[in-house]
Amino acid sequence: MIVLFTDFGLAGPYTGQVIAVLQQTAPDVPAISLFADAPAGTPKPAAYLLAAYAAWFPPETVFLSVVDPGVGSARRALIAEADGRRYVGPDNGLFELVLRRAGRAQCWEITWQPPVLSASFHGRDLFAPVAARLARGEDCAGLGRPIAATRHPEWPDDLAEIVYIDHYGNALTGLRGATVPAAARLLAGGEVIAPAANFSAVGDEGKAFWYVNSNDLAEIAVNRGRADRGLGLAIGTPVVVAS
Amino acid sequence: MIVLFTDFGLAGPYTGQVIAVLQQTAPDVPAISLFADAPAGTPKPAAYLLAAYAAWFPPETVFLSVVDPGVGSARRALIAEADGRRYVGPDNGLFELVLRRAGRAQCWEITWQPPVLSASFHGRDLFAPVAARLARGEDCAGLGRPIAATRHPEWPDDLAEIVYIDHYGNALTGLRGATVPAAARLLAGGEVIAPAANFSAVGDEGKAFWYVNSNDLAEIAVNRGRADRGLGLAIGTPVVVAS
Amino acid sequence: MIVLFTDFGLAGPYTGQVIAVLQQTAPDVPAISLFADAPAGTPKPAAYLLAAYAAWFPPETVFLSVVDPGVGSARRALIAEADGRRYVGPDNGLFELVLRRAGRAQCWEITWQPPVLSASFHGRDLFAPVAARLARGEDCAGLGRPIAATRHPEWPDDLAEIVYIDHYGNALTGLRGATVPAAARLLAGGEVIAPAANFSAVGDEGKAFWYVNSNDLAEIAVNRGRADRGLGLAIGTPVVVAS
């Protein structure tokens, strides 16, 4: 399976062209868009989101992962293998948490060259063909040369910020469930937010609460409302854990 | 075919994870998203929308139908079979109109248990695996036990409210075409709206009209404009039929 | 491959129903949405967008192309073949640039009739079944009769207007890269916009620039910002080339 984790949007031309490349290069491998609205142009929050959601997929999955503000610059193109899952994308920190949390990890700089490489759409011209080749059985070693990825040891193990606003207006933090005490309050957007087991456990309509979501991130929601608008939350908004 | 009728959104992680489950469980069955923007968290308007659009699909279709404000509560998980089509989702009224309009119908409470069930994402953990099993040929009786679904006899046969705003700003009512006299006026958003055969039959740019759409719902539109903004229509806005 | 170029949106019911028709009629042919947010109801800018993006696809591709403000009127339904690629959609100018730029081109009026034809959704009832039949190997001549498409010689070869706003807020013009001198300034939204090789070549955050995008259209962008909001650009905004 090839899983897309990008900031490309779905309606426009980017995801469609990428899917077309995958389909033509690896016609028997299903391609699924997981996120087409990953934090746009900001690899740091995207890295925490990717690590949380990739863990749910089976080990043989190939992740086409493109949040790439440096496209066209000298930033390298990467294949990262972490606990069996393979990630294809820019060497800009997007794989930092996936690599840090892996039992075993290895990286390659992509040396495979496409017949034509545009200056602005490496997702289509470089990363998608490489992801499709991996998914159809080619080796990492045949597509790149071993390197050490650019690492970000200064980034925390869990990020006390909003990393994603979902379709319902729920605000996902970069904090894994196990790192937040079950009874802790979260401070965000000027409010003190108590935990709840789930949506139906919250009595008051319009009340904010936090819970550990189905991909193990602490998430702030409002019962029958939008947490992003109600609390003024956006990607990058800081969150404080108050136990 | 598995058809998705949900309020999950497409860009975020929910539809992608559901498609991944369907793909892995029933790899040979195509999965198609019909609505990813069904009325969020409101099963009543969603029930009228689902009944109108499901009727267009062939009888063997499996509908993965998730508008589920009570996820995590004691609400039951359901398989409904109505005129050959099967529906998998929460027992919260979402299948009321499908069941009411069916010549023959039967329901099962899902007893199949996933290895892991999150508190907040039964669409991925419970409903998708069951829908995929039905689509690949398993029996309803092997996945659940016969029950009577929770019914809503107090809901009308046709709902005189807006049940959906589409991509163009057109406002769909819960009224089937045959229940509205062809010459009737609709009152909605403080305006009196005359019928028209179709968009090109309306001369004035910016003029509101109603017509019976391609899935047999009375729909309010504005020629070269957005009816939702122009008339202040939203899901739940009442509509009056004035003959 | 069947490629969708429409203004249907993805979340709502339109694209899903079209995909269902394609899947049932040509189950072995992949269907990919390229644009679901083509300029709504405006065939002229859509024609320049289609021509730029279709050129990237292999010759055997079938394009289901529906931007159709005249649905339900007497406008004809068309198959256009241009340099091997086939296009199915309304005869309203949408294929003007594809036809004009083709080495060899031929058109047919669709005479194939569906069992049921709704007044408002020819994409589902007429164009999708015809596109699927072409994709599975049927001849144009068996589905229509040769005609001359309605042409628009008054439209320019390149359109000095914004024809699309993408997911990032970048504004695509209808100008092919080769028609704009590399050092030219573009005037749009009251600003003078200088060229840049790509995003990473622009130093200042918030600064507008233009470049030739990966499908050979001149595109206006803002480094780490949205050009549409920053410059007040929308589909139809005029652009002046100042060399």
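For reference, chains read A, B and C in written order, and residue numbers begin at 1 within each chain.
Please note the rule applied: contacts are C-beta pairs under 8 Å (C-beta built on N, C-alpha and C of every residue); 3 or more make two chains touch, one makes a residue touch a chain.
Note that this is a predicted model, so its numbers are computed, not measured.
S.K.: By how many degrees does subunit A turn when fitted onto subunit C using C-alpha atoms, rounded in steps of 5?
M.R.: 120
S.K.: Do subunit B and subunit C, two copies of one chain sequence, contact each other through the same residue numbers, with over half in common, or through different ones?
M.R.: Comparing the two copies, subunit B and subunit C contact each other through largely different residue numbers, since under half are shared.
S.K.: Averaging over Cα atoms per chain, report the distance between subunit B and subunit C in Å.
M.R.: Going by mean C-alpha positions, subunit B sits 30 Å from subunit C.
S.K.: What residues in subunit A touch two or more of the other chains?
M.R.: If we look for residues of subunit A contacting two or more partner chains, we find 9-10.
S.K.: Considering only the defined contacts, which subunit B positions touch subunit C in the complex?
M.R.: The touching residues are 1, 3-4, 9-10, 30, 32-37, 53, 56-58, 164, 166-168, 197-201, 211, 213-215, 224.
S.K.: Please give the residue numbers of subunit C that touch subunit B in the complex, ascending.
M.R.: Residue list for subunit C touching subunit B: 7-14, 16-17, 19-20, 23-24, 27, 40-41, 69-73, 118-121, 124-125.
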